[in-house]
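The structure that follows is given in the form of structure tokens.
In this document, chain identifiers A, B, C, D, E and F correspond to the written order of the chains, with residue numbering beginning at 1 in each.
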Amino acid sequence: MPSVTVTRRMRFNAAHRVFNPAFSDAENDATFGKCNNPNWHGHNYTLDVSVEGPIDKRTGYVLDLAKLRDTVEREVVGVVDHRNFNLDVAFMKGVIPTSENIIVAFWKILQPAVSPGRLSKLVLWETENNYVEYSGH
Amino acid sequence: MPSVTVTRRMRFNAAHRVFNPAFSDAENDATFGKCNNPNWHGHNYTLDVSVEGPIDKRTGYVLDLAKLRDTVEREVVGVVDHRNFNLDVAFMKGVIPTSENIIVAFWKILQPAVSPGRLSKLVLWETENNYVEYSGH
Amino acid sequence: MPSVTVTRRMRFNAAHRVFNPAFSDAENDATFGKCNNPNWHGHNYTLDVSVEGPIDKRTGYVLDLAKLRDTVEREVVGVVDHRNFNLDVAFMKGVIPTSENIIVAFWKILQPAVSPGRLSKLVLWETENNYVEYSGH
Amino acid sequence: MPSVTVTRRMRFNAAHRVFNPAFSDAENDATFGKCNNPNWHGHNYTLDVSVEGPIDKRTGYVLDLAKLRDTVEREVVGVVDHRNFNLDVAFMKGVIPTSENIIVAFWKILQPAVSPGRLSKLVLWETENNYVEYSGH
Amino acid sequence: MPSVTVTRRMRFNAAHRVFNPAFSDAENDATFGKCNNPNWHGHNYTLDVSVEGPIDKRTGYVLDLAKLRDTVEREVVGVVDHRNFNLDVAFMKGVIPTSENIIVAFWKILQPAVSPGRLSKLVLWETENNYVEYSGH
Amino acid sequence: MPSVTVTRRMRFNAAHRVFNPAFSDAENDATFGKCNNPNWHGHNYTLDVSVEGPIDKRTGYVLDLAKLRDTVEREVVGVVDHRNFNLDVAFMKGVIPTSENIIVAFWKILQPAVSPGRLSKLVLWETENNYVEYSGH
């Protein structure tokens, strides 16, 4: 039975400030530059959620993408959309909201939520020139 | 000798209806929603065909991409472009025309057709938010 | 008071066959080529709906884009999405479903529906290489 | 002498909150929905700056696009990039930071700054589905 | 009879050097920067060709886009694709190959070639951040 | 400690001629077609540089993307941008400038330059329909 990867792309907008509260102001500026603006900035994020598995003979689907979309919307996108990663998102508390940390946090939530589907990869675009990928390792 | 993956992107338009003829109407509606419209709907598909191999010293190519394009055009794109996956495409007969089933059918045709090139991956976009990938396993 | 144009982009998928029932088969083939496939083909359409007007001092908006989206969804996108332009769409009855005729039909419906907003332009992409524009004249 | 329009596309990221301080909380929620989040949200904005004029025989240019880019960077993009439209941007003080108000504010700054070039249009994309245009009228 | 604008997007690759042979080397460097590299550089150009007119009742088309594509291919794209604007293109002889001059040269060729269709606009993208537009005035 | 892949996308324009100087003219034409134009042609290239590693607890970053960008700019993009791959680029001397050979040459330079970061993949787009990938094997 062939194993195919299916991906659903989703989008959200959010604000964040990238800084380490344990750093001095000078250290934060040197490390994070304009991403350290204390009044926040924001992005249109694009998130690709990939699930891999065999094709169900009865449906021709690996999984119902509409259900995957609803799961991702409920568990992560609906929680962060039009929000502030530093102030509004419980699962980012105490974590610097870089794309790297966001994608790992998303993985921890989505991996069990899509079960028995097997989450195989997440890709998160922060701008048109930067993206991060995570496969759970 | 380095092994590089080269990809040719191609595009086609087609109609389909996603349904299981063994299901009742109610079951088809519940499973496939608006994709079950008996009067069909359609998509602009994007197909990425990737071949991996060593670089030929004499040409600097892994393979001649113009030949790859001609092969893909003759074997699959020219067969499905401006067609109906359910009614017009012999190699989809008896198969629910989901992207998952389409990509596996394309693989079976293209894998021998690009030989001795090694087909390494196919990616098929159905909409700007959905895509499937297959590597032959 | 400055007059600004605001645009909402929307997307839908549909099937169609481009042919003139008054033509012979040979004439339809000569005129419409593969778009004349009697078993249909389809597209992912992109529709840009533009409304022009002064900025409302109280909201900073020309109009509420969420309401515009709901109007366009209810009046046209929800009517044609995952449908067949030839068979399923009452307002296209008796009209060849080219992009030109579709955009004019959309205009006739949307122009009064967005009032008192002033519909200023529609753009409809059929493929990544073809689009049509209409401004109501 | 032919008159050609040349456009430079630029990008920036910013945070904002869309609300009217004269409204009650309930009124702001009803009018602006999730864009009214008091903890801000943000976007990757895309700005197209168009200047129209005759072609300079000696250079083949309408104007030096590198100079246009530097002007736009100095006057607006560098002022708002990685900033908060409500808190950090002097020229948006007292104005609801909708795309409509932002584009008119940009116009007022850029129109004299590109002189003797004639600013002919600004386009501002807030998300992949929304954009506003302004031509100075 | 409604008047609709239809656009065909086409693509080509070419090399050029932007310089004025009447300038000194220093003047060319100061004016054109790295675009003055005597060993050339190049681009993937995107060209949008727009024709406006009434819809033909018998076909639903403003004009046959396949014929428009063939005309544009024969008259301009096929002449410049994989060529050097300075050395290989007769109609650019003696003209600095900026996008501004290229689009005006294309217009002079295409305006009569698409007749009786009315060429209404050309748009030429040189990079993802620069484009020029011309409407024949 | 999770291992994340971060990617920085960069862009450059260059000219090249794809041919083998050891071939006859006829052989070059037969093998490379219009890419063999002796007067050169060119492209807008897009380069994705991916580095994989654990997330630094103090910064939330795998590595500082601004430093990665500066490294890539200094080592490869700044060397080839607005240049001719055949004539201007020392590290391409004696190599046919296909995308396959370019990406391997980039890898040899970038792999040590991003150390101790681990370069995990390069992707190079030559046109909107062709790209090559290399992972160092």
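Basically, a residue touches a chain if its C-beta (ideal position, glycine included) is under 8 Å from a C-beta of that chain, and two chains touch if they have at least 3 such contacts.
It should be emphasised that the depicted structure is a prediction, and the values quoted were computed from it without experimental measurement.
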- Looking at B-C, A-F or E-F, which pair matches A-B on over half of its contact pairs by residue number? A-F
- Of all chains, the one whose CA centroid lies most distant from that of chain D is B
- With contacts defined as at the top, give the pair, D-E or B-C, that has more of them. B-C
- How many Å are there between the centre of chain D and the centre of chain F, using C-alpha atoms for each centre? 34
- Computed distance of Cα centres, chain E from chain C, in Å: 28
- Query: Approximately how many whole Å separate the CA-defined centres of chain C and chain F?
  - Reply: 41
- Query: Which positions in chain D touch two or more other chains at once?
  - Reply: 128
- Write out all the pairs of touching chains, ordered by chain label. A-B, A-D, A-F, B-C, B-F, C-D, C-E, D-E, E-F
- Query: Considering the complex alone, what residue numbers of chain D touch chain E?
  - Reply: 2-10, 50, 55, 58-62, 64-66
- Please give the residue numbers of chain C that touch chain E in the complex, ascending. 18, 20, 22, 31-33, 95-101, 103-104, 107, 128-134, 136-137
- List of chain E residues in touch with chain F within their complex: 11, 13-16, 34-35, 37, 39-44, 81-84, 87-88, 127-128
